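Structure incoming, see below.
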Amino acid sequence: MIELIDVHKSFGEQHVLRGMSFTLEQGQTLVVLGRSGTGKSVTLKHVVGLLQPDSGQVIVNGVDVASADAEGLREIRRQVAYLFQTGALVNWLSVRDNVALPLVERRDMPSEEIRERVDESLGSLDMLQHADKMPANISGGMRKRAALARVLVQEPDAILYDEPTAGLDPIMGRTVGRLIQEVQSSGERAAIVVTHDMDLAFQVGTEIALHYEGQLVERAPPEVFEQSSHPVIREFLRTRERPGKASP
Amino acid sequence: MGSLTETLERQGHALRETIDHAGFAVGIFVRAVRRLPADAFHRRRFILDQLYVCGISPLPVVAIVGLFTGMILALQVGIELADLGQAESISNMIGVILFREMGPFMTAMILTASVGSAMAAEIGTMAVSEEIDALECLSIDPVSFLVMPRVVALCIMTPLLSFVGCVLGCIGGGIVAKTQLSVQPSIYVRNLLTSLESSPQQFGPLPEEIFTGLVKSVVFGLLVSTISCAAGLKAEGGAIGVGRAVRTAVVRCFLMLIIIGYYISWAFFR
Amino acid sequence: MNARRQDIVLGVFFFAALIGLGIVTIVESDFAFGVERHDLVAYSDDVGYLRPGDPVLLFGMSAGKVASITRLDEPRLIIHPSTQPTVAGREVRCTVRLDLRLDVDPYEYLKADHRILIEDRGLLGGKLVRIETGVDDARLSRDAPLVALAAESAIQGLGGLIEENRQPLNEILNNVADVTAHVNRGEGPLGRLVRDDELADRLSETIDSVRDVTSGLAKGEGTLGRLLKDGQLYDDARVFMSDLRSAMERVKRGEGSLGRLLQEDGLYQRVDTILADAQGVMADVAAGKGSLGKLLHESGLYDDLHATVGDVLALVQDARDGKGTVGRLLVDESLFVEARDFFATAGRVGERIESIATDMQEGKGLLAALLSDEKLANDLRNILDQVLGAVEDARETAPVRSVGSLLFGTF
């Protein structure tokens, strides 16, 4: 479904992706671990066409993202949804309007149907009672849920989660993890979860990989990944054993 | 030698950035205009919101500045004219100066400071917090969603505000003319109307002075909205980036208002 | 093309357009979209401070600008084509070439008797070129050299007028000086009138009273007023004239006493005798004989006037008080104040004129010197020319001063 082939990307002198290659099939949830600033989010942005690779190919459902025209890109973005770290809700729209936004912008859906789907999506995440609030008046966890509702209302084939638990307390983080599990439970959607939250990684991932020096390394199911001898992975795993003593 | 190379490199980089940003601004303006027929009705709610933000909110400031500008003009020019025994011609001067040049320019300056900077800050904040990327991921064109309503709103509201400012400026000038220069209000109003009616050219029902002032205002509205939105969309680097975007927007707006204002004056009054 | 490269290309295009427009506005100041320019070359012997950029009028409408003015190395001798008697066939020695740029092709309109005049734009200075196309049937050849003539400015014209009429002006001023000197010395009735304050006061009172009377008349009060205001008077007058005409007809026909008087010789001779007697009486009067003769030859005119004015005053005073028939005629007042002010002003003006004239006779002051000193007159003419130049400079700096005042004053 999603395939990256030898993707290279640089920002000035900084060579972020150095031959990044991986494939992701439907039903898989790939968790990408890595230290801050290594280019995890950059990888995700290549998938939805927000960034263009300097070289290599990004293919989504058989379409090369870099060479897709506007309509092709729109179709790719309809199939692959992106959950941003901050939620990225539009500040001057209510939660309900934010969730309805992608459907309203399609301009081919009756308003009744939009309303039904929005209520369904918000209800599935227990956000219906906050539907008419403005993003600035709800908590960070609720914003994440509202953003997830906006993603789900599009009924995508794949979801890209960018640091879904960043800035949340562990309890809320676990709740978000549970939500992702629920979303992925149908087995029909593919997902990439970028995080450095080890608990979340082991909670939701069908496979875990390390983003290291511009490439994905040590990709494996959680139980195998746990046995890896890669020094960075060992460091990450130690944070899971002794939370609060992670190296920066 | 090394420092010279570095300096040149820095200047070259700055020039390239300036050209890049100018091209980006031209690009989003063209895109906004192209999206207008298809999206204007669909985005009517946003356009109405922006009409309020751009037109009603700055109205008190425009009114006060317009009133006092007219009073200052009357005082400064009136003293010179009174020396020549021509104090009664003050309204001719005030009408022409305000409607042709000062009104549109003054209004555009106020809108740059109050509305343009807010646009740059708002869109800049969206840019640095990935909201623009989020919109693109939702297949929403940020130019159509964010820029077009603002351009339309400022194009409509700038001439209206400018006209209000000019009228209040004329009233302010009339107050000073009566109290300081002993010019009768009836004579002041008659001279003002005569000076506007006796324009060498008429554009439909409008005298040349008012028409060119309105044309200028529309162009100034386009400039302020486009430059401010472009600066916001180009923002990067968190809060500092937003601050830089606001400063860039205001400075570039001022520069372009002066330069384009000159070209419009040249086109009409040469 | 990626987005960044596209932005840079657009940016380059934007700045190129901006700079291009700037160049167009500054260098090509007469650039205009869709207007075809036509050049016209004219020669002149005196461009009278004309400058590039000054407007060119065709049919009295702005049709272009002076593109450039060049001094020729070798003067050109051109026969001026004008049909005007004073200029026709005159050979003009032209040392300056004028390049005019017009919105229309002037040769479409120029006739053989055309004129190209360099004129003042206004009293504050500035020049323009006025093209008079002429009325001749023959159209001007495109090869014919054109001559531009400097027209005389209004101030130069005034100076010339003064120069031409210096002698008569001098005489007039001398006469005025004599008259005012006499008046100032109290000579003659006018001088005594001006000098005698008491008389002036009484005259003033008289005028006051007369004003009261006339205002009453204006309101139609009293018999006289009613006569003036009443439309019946006109009708009565018409009837009277009609009657008079018919009476005269009868006189012509010799009817009635008067008719017979005119028609019969006996009567005529008797009238002739009476007239001869009257002539003798008048001769006695002229010789100062008898009461009437004495009255007319009394030398104390001034004393009589004095007394008469006193009497008139008393009379009018009575009238104002409502005494007698005239007194019943009046009511209103307003004219006198104006008249009194006028006389007071006239008195002061008279004094000033007298003082000026005295000074002029003594050769004091600029005007006197101007009239008597040839060198000074020439100097003044030079100064006039310089003033013209200064006004021209002031006209140029006025916009700068105004804008400066506006900008620095306002902000």
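Chains here go by letter, A, B and C, matching the order in which they are written, and residues are numbered from 1 within each.
One rule holds for everything that comes next: contacts are C-beta pairs under 8 Å (C-beta built on N, C-alpha and C of every residue); 3 or more make two chains touch, one makes a residue touch a chain.
Bear in mind the structure is a predicted one, so any value in this text is a computation, not a measurement.
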Pairwise touch network: line, ring, star, complete, or other = line
Ask   = Taking every chain's C-alpha mean, which one sits closest to the mean of all protein C-alpha atoms?
value = B
Geometric centre distance via CA averages, chain B-chain A, whole Å = 42
CA centroid of chain B to CA centroid of chain C, Å = 52
Task = Averaging only over C-alpha atoms, locate the centres of chain A and chain C and give their separation in whole Å.
result = 94
Task = Could you tell me which residues belong to chain B and also touch two or more other chains?
result = none
Ask   = What part of chain C is in contact with chain B in the complex they form?
value = 4, 6-15, 18, 21, 25, 29, 32, 402, 405-406, 409-410
Remark   = chain B contacts chain A in the complex at 42, 49, 126, 129-131, 133-140
Note = As the complex stands, chain A meets chain B at residues 45, 48, 50, 73-74, 77-78, 81-82, 84-86, 88-92, 101-102, 105, 107, 150, 154
Request  = Enumerate the contact residues on chain B facing chain C in the complex.
outcome  = 16, 18-27, 69, 72-73, 76-77, 80, 97, 259, 262-263, 266, 270
